[in-house]
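Below are structures written as structure tokens.
Two complexes, one shared chain (subunit A), two partners (subunit B, subunit C).
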Partner chain A sequence: MKKWYGSLGFLGVGLVLASVPWLKSVFGFPTFYLIFLYFVFFWVAQASSWNMLSGYSGYFSFGTGAFFGIGVYTTAMVVDKFHLNFMIALPVGGILAALLGLGIGFVVFRLRLLKGELFALLTLAVDFVLAAVVRNNDFIDGGFGVRLGAVKGPAFLGDFSTMMYILGLIIALLTVYVSYSIYHARFGLGLFAIRDDEEVAEGLGVPTFRYKMLIFAISCFFIGLSGALQAVQIGYITVEGIFSLRLPLFVILMSILGGRQHWLGSVLGAVIIFTLTDTFSKASIEYLNQVIIGSLLIVMILFLREGIYERLKNRLWFSLAILIIALVVQIVAGFGERFISQMAYAMLVTIAFLLLSDKIYGKLVKSFSFFLPKKQMGASNV
Partner chain B sequence: MSEVMLTCENITKDFGGVRALADVSVAVDRGEILGLVGPNGSGKSTLINVIAGQYRATAGRLTFLGRDITKDEPHTITQLGIARTYQIPRPFSTMTVSRNVMVSRTFGHSNQGLEQAKRDAYEALEFTGLADYAEAPVGKLNLHQRKFLELARALSTDPELLLLDEVMAGLNPTEIDESVKMIRKIQERGVTIVIVEHLMKVVTSLSTRMVVLNYGKAIAQGEPDQVMRDPEVITAYLGKDYAN
Partner chain C sequence: MLLIGQALISGILLGGLYAILTIGLSLTWGMLKVINLAHFAFAFLAAYMTYQISTSFGLDPFLTLIITAPIFFLIGVGLQWFFNRFDVSEFNSLLVSFGLFIILQALMTALWTADYRRIESEINPYAVESFWIGPFAFPIPQFGSFIAALIIAGLTIYVLNNTYAGKALRAISQDRDIAAAFGVNYKKISMLLMGVSTAYAAVAGVFIAMIFALFPEAGVEWIGVIFAVVILGGLANVPGALAAGLLIGIVQAVTSVIAEPGMAPLVTFSLLIIALLFKPEGLFTRRSTI
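So, the complex of A and B:
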């Protein structure tokens, strides 16, 4: 029942988002919104893939870059060396990344000692090793980088930015849907048990080895799939750019800020963090960008340890109201040049509201209660 | 004739140079409550861990309902019908009480779907007196409730053989009486029980048979009264002077 309901929701969100390029042609808003949304989709897919493994099962991975790199270089090889359509690279990149994940998982999960920080370090090492291999292998890269040139997709997907938008949307939606399904399934329950106490989980009948292998492979598949598409967006592929620590650190940041316990947490985190970084890096306060994101992380770890989602679910209507008010005020006052940056500031205001402790929030709700639907009044924690 | 459910043949377990179990042979019959006693460090918990598959025996053979389980993974053993509790409760800390039970209900010998498991979880919580806490986070439970959650979780796997590792340690007399009643009820349901316990009075009154371990060796087996009069057992607990 619940499943059917949720699937319909995904279909609805998918259809609405898929109509954006068409709306663009009707209302004629600028193309950079499509590009912006493509990047949102990319980060949503990456963060959700990370969260499936590391958020659900508790195996903290720093190796996103490695599996992403597999996807990116699969596209590079398919287009640059084999002169085939890049669409082939998407599933192949995902499958290769999943195979690498299975290989690493087989070794790591057999040796039961590799948990916690050791697992994190090992996955990071995989990233470095892979970078070295690619850099020194002349057939793949050899240290000079790979230029993809003009990449053609199927004609029905329209121009380049529309095509990227649609493909990015499909991948993100698929990733989140899988993450959502696992969350609600027996598989997910088993993974959460592994996160809390692996030995006890195994003792209660959870096939821990098989589950860890499976989730590692699924997570890597989507990282690779999304990476294979991102290669087309990047265009000029270099080892330094692909295997850098930026990607692993950002997906971790997004998932932690959003909330690792729930499938929606990493989605929220990805949308918020990307919107903020995009705004601050464009607002000619680039140097402030990392300061702001860093401070945000510190504040949230201190005051909102469970992530945004955990607070948001209890304050949904109130938060939405604040977001919309903050947005409308900016638009009316003519503050900020772009809708995206207005959105970013509205998000910051909402996060500030979410940082309020439950006690203060309770008082606030009481004084505003005549505005709100009855259900929200108790600030119940279901 | 009673049916043999579990046999441990010549089980030896070494930890580095330390021999925790030496050539232990024990058989558990269907329907009995087997008391497993012995001084601290005698290997009781190690034997429980070996039977549950958490430790692999260095030597020896385990057979459960005619199947060799010596080399099986813990989850396989649980799915075959052996469940255990931990001496120190180890609930899943980020889950609610009922979700904790749901895990064992879906993955254990019971093998239920999630929807059914959710309904069954309430039943198990009802049985252990935790129904009021079903939707509470486990952090809200005190020690005695956590011990009962351990029991509810183990029971929910639908075991044929239940290994209880000191479920009563740290409980007050009223709570101990409660647990004794509960264990009797579990036995009446047809579950075979192996109970590790330090409280001699409780274990002798509950058990239909007892095994005494000392320094990793099984030094006596038999009816509770008979075992407690065994000179070797008295020596192990009280010293040689009391043996006669």
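So, the complex of A and C:
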């Protein structure tokens, strides 16, 4: 029953978002917003697919770059070397990434010792190895980078930015939907059991090896799929850019910020972090962006390990109100020009509010209780 | 043959620098359960400070250690105080120090920009000097880092085996609670170890400043290699770290000569993956009988 509502919800969100390019032609807002949203979709897909493996089963992967790189270079090969349509590269990139994941998993998951830090470092090493292979293979890259020319998609998807928007939306929705389905399925419960205690899970009849293999393959498939599309957006592909530590760091940070226990957590995290970085790197102070990202990571780990989703659940109306008030104040006061930057600052304020401990929040609610619904007051007493 | 012999020598000398960085990282990971990614940022911050001090005051790069080592000792003490205060678990220490790493990198970009920096050759006469044994060249800074690695390793082994602090540390790494029951002050002793380990990063920084051109992103390139050395050497195993440092140094230098420089990371990390699969406790660690 619940599942049925959920699927309908996904369909609704998908339809609303799919109508944005049409709204653009009606109201004529800048193309910039489509590109911005494409990047949001990209990060949502990446963070969700990381979270499926690492959030659900507890196997922290630092190797996102490797599987992403496979997707990116599949597109590069298909377009630059074989002169085929890039649409072919999307599924192929996903499948190749999944195969690499299966290969690594087949060896690694047999060894009980390779958990936690060692698994993380091993996946990081896979990333470095793959980067070295690509850099030295003259057919794939050879260290000079690959430049994709003007890439053509199917005509019915419209111009380049609309096409990227629609494809990005489809991939992100698909990834989140799969993540959502796993979360509610028996498979997901098995993965949570593995995260909590693998020995006990095994003893209670969870087929741990098979589950880990399956989730690793699914996660890698979506990382590769999304990477294959991202290659078209990047246009100029270099080994340093693709296999850098930026991607694993960002997906980890997004999932930690949002919450690793729930499928919605990484989606929230991706939207927030990308909005923040977009704002602060545009402000022509790239290092301030880094400082904010680094501090957020530390603060979240120390004070809100379960992520903001858990807090948001209990404080939904209050935080929405704060977000909207912060947004309105900025717009009225004429602070900043871009709506996205104003959104970013409002998000920062809301996160600061979510970081408040339950005790302080309870006091806050009491002093505001005259205009809050009764139910909300009850939640604060917990 | 001459080429390979020279590659062996430069590999061993470079391995010394790897070992200096590894010993600090390996000790804190093995004994305090802190995986300190910020170690790399500290090493490069120390390198930049060496560059700045020797450029501004014309001080000999080796002498800058008198200033940087105590500063970084205190930074390490402060960091461990922070980890103790918030009771950061092993895995979370990796993430927290990753955050710190990014912040420090941003700090370096803000202070010294993203351009390449190198100590001027008038102040750093060692950079181009070598002494020769037969046909083989021994560059002074590299040779210095190798000697420093031997001194650091020897000193650390001596302290661990023969002093109260060393015994307390070994007790902590075996069982923290039991050690506490026998009166070992974990907070104090862990702050001491982290301080010393960070001071080692400062020593590495001096040699990095003398050997390489500096840029803020450089720390990232070292993470992979040094972690490979840490795993290969075995956690908190000082002789193992030294041996693994030399091994990786040799492997990289010889691969660069036989194949090409781009292949060096491939061989290094393949070695790491094989080691992780078959002997995850480290090449130079005896299997424990527990």
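In this section, the second predicted complex is superposed on the first by the 379 of 382 C-alpha atoms of A that agree within 3 Å, B and C clash if a C-alpha of one lies under 4 Å from a C-alpha of the other, contacts with A are read in each partner's own complex, and residues count from 1 in each chain.
To be clear about the criterion, a residue touches a chain if its C-beta (ideal position, glycine included) is under 8 Å from a C-beta of that chain, and two chains touch if they have at least 3 such contacts.
Here the structure is a predicted model, which is why all the values come from computation and not from measurement.
By the touch criterion stated above, A:203 is placed in contact with subunit B alone, subunit C being left untouched. In the superposition on chain A, contact of A:149 is made with neither subunit B nor subunit C. Using the contact criterion defined above for the overlaid structures, shared-chain residue A:362 touches neither subunit B nor subunit C, since it reaches no partner. When the two structures are aligned on the shared chain, A:103 is found in touch with neither subunit B nor subunit C. Of the two partners subunit B and subunit C, more residues of subunit A are touched by C.
By the document's definition of touching, neither partner reaches A:30: not subunit B, not subunit C. In the superposition on chain A, A:129 contacts subunit C only, with no contact to subunit B.
Look at A:302: by the touch rule set out above, it reaches subunit C but stays clear of subunit B.
The residues of subunit B lying in touch with subunit A in their complex are 52, 54, 73-75, 78-79, 83-84, 86, 90, 92-95, 99, 102-104, 106-109, 113-114, 153, 157.
On the side of subunit C, the complex with subunit A involves touching residues 35, 86, 88, 90-92, 94-96, 98-103, 105-107, 109-110, 220, 223-224, 227-228, 231, 260, 262-266, 269-270, 272-273, 276-277, 280. Against subunit B, the residues of subunit A that register as touching in their complex are 185-186, 189-190, 192-193, 195-197, 199-209, 261. Residues 60, 107-108, 111, 113-114, 116-118, 120-122, 124-126, 128-129, 131-133, 135-136, 143, 244-245, 249, 252, 256, 286-291, 293-298, 301-302, 305 of subunit A are the ones touching subunit C in the complex.
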